[in-house]
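Labels A, B, C, D and E are assigned to the chains in the order they are written; within every chain, residues are numbered from 1.
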Amino acid sequence: MDKDILLEVKNLHVGYKTHIGISHVLKGVHLTVHKGERIGVIGESGSGKTTTMKSILRILPSNGMIKEGEIFYQGENILEMKYEELLELRRKKISMIFQDPTSALNPLFKIGQLMLDIIKHSYNLEESEAKEMALKALRDAALPDPERVFDSYPFQLSGGMRQRVCIALALIGDRELIIADEPTTNLDVTIKAQVLNLLTKLVRERNVGWIFVSQALGAVRENVDRVYVMYAGNIIEWGPTEKVFSNPMHPYTQKLLECVPKLTGTEFSKGIRGRIPNYFNPPSGCRFHPRCDFVMDECKKTFPEPVEVETGHFVACNLYRRR
Amino acid sequence: MFKYILVINVKSKIVRCVFKMRAIWKYVGKRVLYVIPTLIGLSIFIFILSRVLPGDPALMAAGPNAPKWVVEQIRHQLRLDKPLWEQYYYWLVDLFHGDLGYSIYTKRSVTVDVVEYLPASLQLIFLAALFEIGGALALGIISGRYAYKLPDNMVRVLAYIGISVPSFVWGLLFQLIFASLIPLFPSHGMYSYGTISPPRVTGFSLIDSLIAGQFDTFVDILWHMVLPAFALSLGAMAQDARIIRAGMVDTLQKDHVSLVRAYGIPERTIFSKYILKPSLVPAVTVMGMDIASLLGNAFMVEMIFQWPGFSRYGINVMLNKDINGIVAVVLVIGIIFAIANILVDVVVAYLDPRIGRRSA
Amino acid sequence: MENEYILKIQNLKKYFETPYGTVRAVDNISLKVRKGTTMGLVGESGSGKSTTGHVVVGLFPPTSGKIFFKNKDISVPLEKRSKELKKDIQMVFQDPASSLNPKKIIRDIVGLPLKVHKMVQTKEELEEKVAKLLEMVELPPEDFMYRRPVDIGGGEKQAVSIARAIATNPSFVIFDEPTSALDVSIQAKIINSILNIQRKFRLTSLFITHDLSLMRNISSEVTIMYLGKVCEIAPTDVFFQKPLHPYTQMLLSSVPVLTKEEEELKPKGIKSIGEIGSPIHPPSGCRFHPRCPYAKEICKKKEPRLIEVEPGHFVACHLYAEK
Amino acid sequence: MNKKLLAAISVIVVIIIVIGVLAAVQSTQKPQAEKKRLLRIGFSWPTYIDPAVGSDYSSSTAFTNLYDPLIFPGEKGVPKPWVAESWETSPDGLTWRLHIKQGIKFHSGDELKAEDVVFSFQRLLTIGKGYAYLFTPYIDSVTAVDDYTVKVTLKKPYGPFVAAMMRVYVLDKDVVMQHIKKPGPYGDNGDYGTDWLLTHDAGSGPYKVKEVVLEDHVYMTRFKDYWGPMTENAADEIHMLSLAQPATEKTLLTQKQLEISSQWLPEETIDALAKENYLKVAAFPGGDEFYIMMHTKKPPLDDIHVRKAIAYAVDYDTIVDQIFPGNPIAKGPVPSYLPGADPNLPTYYRDLDKAMEELQKSKYWPDIKNNPNKYAIDFHWIAEVPAEEKVAIMVAQNLQEIGLKVNVVKVPWLSVVEEMANISTSPHMVSVFVSAHYAEAGSLLESRYHSKSADTWEQNEWLLNETIDQMIEDALSTIDTNERYQEYAEIQRAIMELCPSIFLFDHMLKVVHQDYVKLPQDEGYYTGVMGYDFDGRLIEVLSTT
Amino acid sequence: MSRATILSEWWKTLELKKKWYNFSRSPLSLIGLIISLSTIILAIFAPWIAPYPEHAGFYTDFEHANLPPSWQHLFGTDEFGRDVLSRTIFGFRYSLMMAAVVLTLVVPAGVILGLIAGYYRERWIGKLIMRISDIFIAVPPLVLALSVCSLLTPSAFHAMMAVSLMWWPWYTRLLYNVTSSIKEEYFVYAAKVTGASSAHIMFKEIFPNAMGAVLTKITLDVGWVILLGASLSFVGLGAQPPTPDLGTMVSDGAKFLPDYWWISMFPALAISYIILGFNLLGDGIKDAFEG
């Protein structure tokens, strides 16, 4: 085992029990984060990004079930951890920034109450020490007037500030891995840039592992070392950022990159036909096959094994397997 | 100079606190202003109805054998010989003097009746509310905590039964079972016979008996209150347990619960703090209104248990077409309802900081 | 020469009274749209771009100011507008989920304008026309005509919205962030149909968005708004070559991009700072001054006027007023 | 939050447990009080203990115990001198001199004197409610001649004046005047003490008010200095309790928390209770008769044949056997035991053939035959007396048999009173118990059939028959008793002929009481005067609690 | 075109299927449906189902009064000798009729007023309607219904009128809330922009979206109206005897507790049964529309 590996997700299958049946969302997701490495996960909405991230911390909703797979954190399987160990992991090792800061902060508790509660549970500190720690975290998140923020309810803060508070929460103590689940999706363009800059700056400074989940391809490209592309509960392509973006291999990745409008105003793509499949009855074989322009018979039957097309750049597509 | 700043710092905290209070008061004031026209409308509605609908209250007041001149005298006394608007005007003027008019049923001022009977009802409703809140919280939390599991299913079925069985049926059932078949509790009234009621100070017999040092009486009253209060509380209890459960199940799915969970807060704390409080906000609204509605259900329950309260008085004035009494009963209940409404809003505003104040 | 402007907005103001104060959603803006072109209206939340669209289409009467459409004053409440006018101006709304009545089938949704304007007599005629409209937005009619909005995806909903908007054959259509809620792959499809339709119908349109890259691909002229004010108006090409207003520069610099070419378009040396102000208590003077790196004393006091620095390129900033 | 909530829940749980334990303790340990002879009687509210206001059963019972009347009804209602020791009448019957007994003490300790009697008369007449109607048409003036003599001047002769004086209860003038509230509707007299007297007494009776809680109870304690005769084992306290539910009364009786039940227990409950060996049922004439009054001016009842048909259709036997067991079928317009009643009148009985025969004689017959709904008869019964429902529904069933359609309507008592005040709103038929105001046939005849009572609740018939009116007036102003009774008999015969009412039965009051309470009624004693049935002077309580 | 019609039908059935699926997911909803249907069937076919239908009218048989439950009289007989079971079955009929009359009066009025008030919420008409409806909501419906009833002579008709008078504001409120939120939806904007009339927007665009809520409320309200009606007659302000009204039966029978418990307890259970049924059904319908 590579000692450098911080987190390794192997063959993760996750489904949700609903009244209509089981929705098979994740189908064999794998992911590796090295110490201090910055990872990007891109994919459209509904591709299973958030489910993957929630599985790591085992905070899936009560109807979510991990059917198969392993998640190793420094060699320990998170999925087999006892509750106390899990709490320890959540308190000290991995933290998560949620997509929507408005819904992620309990509206009825002051920022300070929440932070103190978290710090006290994690570190067993005195009230004053805990408060000091919280204020420091807020200051680190570049919040003006941390005292006031500490004493505010979430609704009294702007969206950008709320997300900074979430960042502050995620940076309390010495975390080794920070998961940022679409941290800027609901923010305005200029604020987005600010928050993202802050986050990358902090991550770089502290040299922690970082999983940056996003739909914004540009933002991912600018900020991470390696990138995973997800489609319908599968990782279909991954590799060093530059390689994936400059030389996308999977038909989906190619199309996706074409779809992004360019500032240079080059010719516009026609988009990808169809939409993300229904997870109750997902397509057999490669889940992209109904939308793929290069679909072959075997695509409908088997899920393609990943192929390393260049160093560290893998793609799971039958087009390349044959070659 | 430094000293001054220090003082300001301390002060600012107090000021902020006061400001918060003031914001809530302002909010309450607004609600009161909103409620007043409604109450006036209500009084006009019921007043006109009581005067316009067929029936001769004066004749009824005079009693079966009274001569004509007595009837006329009462008609004059009740101002029934005046035009409607004038009657209402004088009624309103009297109201501001604290006079709700003459009751043809009790033969005295309705105000006196209200003062006499209302505390007994409020006292009963208070106990019922205690039962209701306690039961609803206990059942709701169990149900929410074990959502979709056996305890939850049991509570849900119980809640449906609780909601569906009318309070008067509960009353009769309890009376049948716990007073007649197994005589654990008294079947009616407020005191056991022979108990002399404590001297009236507040009108709330429980408090009065304590003031008078009659602990026996206190226990006696409480003992008489158990069955009616319980019968009264069951429907609302079931209703509120359901709301609390729904709130908890709903909150369970929220991102902010995922967040605290992701940061290693233990499940017990999550439930008792981060899930319970948000689920209580909608429950408090319903609970408050349910408690106020108990006054309505109390009509039947007080009748069954012969509780000497305002609702039984209400039934009696209604059955006797005591127009001033009816108007007063409706209005007083309207006022209590409005107060309950406002109280609920204040509690909700206290629980939910977003309501009522907003930073500019 | 005046005729070539199909829409003229003069000193338009729209204030909303709320319990927390007066929201100055649109505060004295003027702009003109040439016939057959697409005007892009760009801004962040609170900039008043959507409100401008709503006022033009008549949903809210203006607080003050005039709107001329084809040289007719249309700054009146909706009830007072003629049916002809309503037929001529249409709008596509932002949120696909709320744009379509969930209780109706697509045929009736698209057919409503036809029925209101008595453009069809019989049910057969209606179905025929609706089918044509659906084909135009690339939705197979048999498949969609009788479905309800809940059964179709976000992109398809937006396509239906577009079909509805063009049903009356309008000459002017406002697109209010039609793709902001969609994934990029779907967005590409929708933008393509919009472009097609514009070409086919020779539509004049107002395209509201916060996405500059998208704007680059669709509009011929750009108006940038900030807190209810216009900052800059310019032809698209000029704008991307030479953004003048500091806010425009900040906005442009905040856009994450995918390619090197794009990277070069982004202005250097300006970074996003500060928060968007409140439209209830907007900053004095130039509304952007608290965030502006070049802010001077005068910016706090005096509101800059919109001046034409070169033909067709207007900017409201004291930096350029001096020249 | 967590701890606070837990604390709150545990407090509530503790409260519940404490209540439970206390309840258990309570149910074994009755509250300790000093031993007393208690007489607890069930009543229905309202009870107005002011003699110038109340006139119903429970109010009158309260008067009997709290006050002394001028004349007291003896056995079978025979007038007995009481506060008025003796009296003289002028030959024209217009001037009466009443001699007041000396040495009667009010509860305040003052002696009862002539001016108190005058005051009581005047107060009654001024307020006009209660029993005032017995006197207003007759009395011209009341004056005190000296401390112990009162002179009453009448406008016209009033035969039953002595009997009527059972309804003049003497109040303590000084006490009342001390508690007057001004301003009030009675000028200088303010409210005439009506507010105060609602919950206090100013009498000289054997009991005085201890506590009145409106709609709940009237507690009275023994007045030690009572002047009159009292039985040896008289109760120390009388509690009149407002009881609304038979089930409650049943529980109380079986738990020995109630000595005498209320007077309107359902027959079913009485039956069930009679099985207990420690309970007794006392039945005695209540002085009232149960009538179905028929509106003689409203079609189709304005036709005597229809009325007679109805009278022949009603199943009297079932009523007295099943619905009101123990009550004798009425023999005429007044209860048969009332002085002046004629026991030998021709009566109606159930005979469907006769009924049909009468109905066919009626001018309405063709219409009724073709469309019973055209002449549907409204039958109102009084909501407060649930047993009347049985009569109403049974009568409706009976009339259905001869082809008459009936709508049964349940109406609250006061509404019945109100609708009967007007000839157009009076229902076709209404079933009412009416009792004599004083123990003589004349009382009922006047209040039931004289035109001046047509707009009161006591007459729904709207007879408005001048001949009958004249006969009644003549009889009432006849001072000689035998002669008067003779005239009463003639009136009764005339009324039977007109068939304005269905005479169902002479009402027997039935109460259930504990065996340690001795009611004079157990021995066959009765007064027949409303309100004198439960007289603390006579009832023995043989057990203390 | 026929293919189109088939398609349209197909989608419609699919829609219904989905609703039924959501509904039948919970066994409680199914129980509710069974209970409600059983009461409706009993009510409609009462004269044929009840063992002694004549006991619902003017009938007395004092010989057989107060008999305990037996095979002959499953629920026993009352103080008139009438079969309690038969009267209970007829009682369903009266209760459901009351609910039907009240709701047919109240729902259209409340819905229309609510639509208008919500659509014109900024104008005086909307405000006026809401203020008036506030008046009727200012006290528990039971209190006001009792007062109004007491001022009239007690009868089934008056009870229905009084309950109706108390009930419309709830629908007005419901529709007001739904309307004032839906009127800010973009599809309403779209309809306005295209020139659709206010009436069209209110009834064709907004109202269908409130249908689910209205239907749910109607079902739940059947139970509440019955409860209110029963309470009125329990106090003695309801239907006239011998109408077999469940509330009246309970309060009349209460006199004979505990000896003849069947006279009041079976009707009491019947009231609870019918309310329980419609409560469960209402929640099921809510699931069907929301799920």
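Here is the rule we go by: a contact is a pair of C-beta atoms (placed from the backbone, for glycine too) under 8 Å apart; a residue touches a chain by one contact, two chains touch by 3 or more.
No experiment lies behind these values; they were computed from the predicted model shown.
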Review point. More C-beta contacts across B-E or across D-E?
Key: B-E
Point to revise | Taking each chain's C-alpha mean as its centre, the one farthest from chain C | key: D
Study note, to complete from the structure: CA centroids of chain A and chain E: separation to the nearest Å works out as 51
**Study point:** chain C and chain D: spacing of chain centres that average the CA atoms, whole Å
**Key:** 87
Point to revise | chain C-chain E separation of Cα centroids, rounded to whole Å | key: 49
Study note, to complete from the structure: Each of the following residues of chain B touches two or more other chains, namely 55, 175, 180, 269, 273, 277, 303-304, 319, 321, 358
Exercise for review: Could you tell me which residues belong to chain D and also touch two or more other chains?
Suggested key: 245, 247, 250, 383, 412, 415
Check your understanding: Given the complex with chain A, which residues does chain C contribute to the contact?
Key -> 44-45, 153, 155, 183-192, 195, 210-214, 216-217, 236, 240, 250-259, 261-262, 265-266, 271-273, 275-276
Practice item. Spell out the residues on chain E that touch chain C in their complex, using ranges where they run on. Key: 1, 3-4, 7-8, 10-11, 15, 185-187, 189-196, 200, 205, 208-209, 211
Practice item. Note which residues of chain A are touching chain C in the complex, please. Key: 44-45, 158, 160-161, 188-194, 196-197, 215-219, 221-222, 245, 255-265, 268-273, 275
**Study point:** Footprint of chain B on chain E - complex, ascending
**Key:** 28, 131-132, 134-135, 138-144, 146-153, 223, 227, 230-231, 234-237, 250-251, 254, 257-258, 261, 264-265, 268-269, 271-273, 275-276, 279-280
Check your understanding: Touching chain D in the complex: which residues of chain B?
Key -> 55-56, 59-60, 62-67, 69-70, 73, 77, 105-108, 113, 116, 130-131, 133-134, 137-138, 175, 179-180, 183-185, 187-190, 192-197, 216, 219-220, 222-223, 226, 268-269, 272-273, 276-277, 303-304, 306, 308, 312-313, 316, 319-321
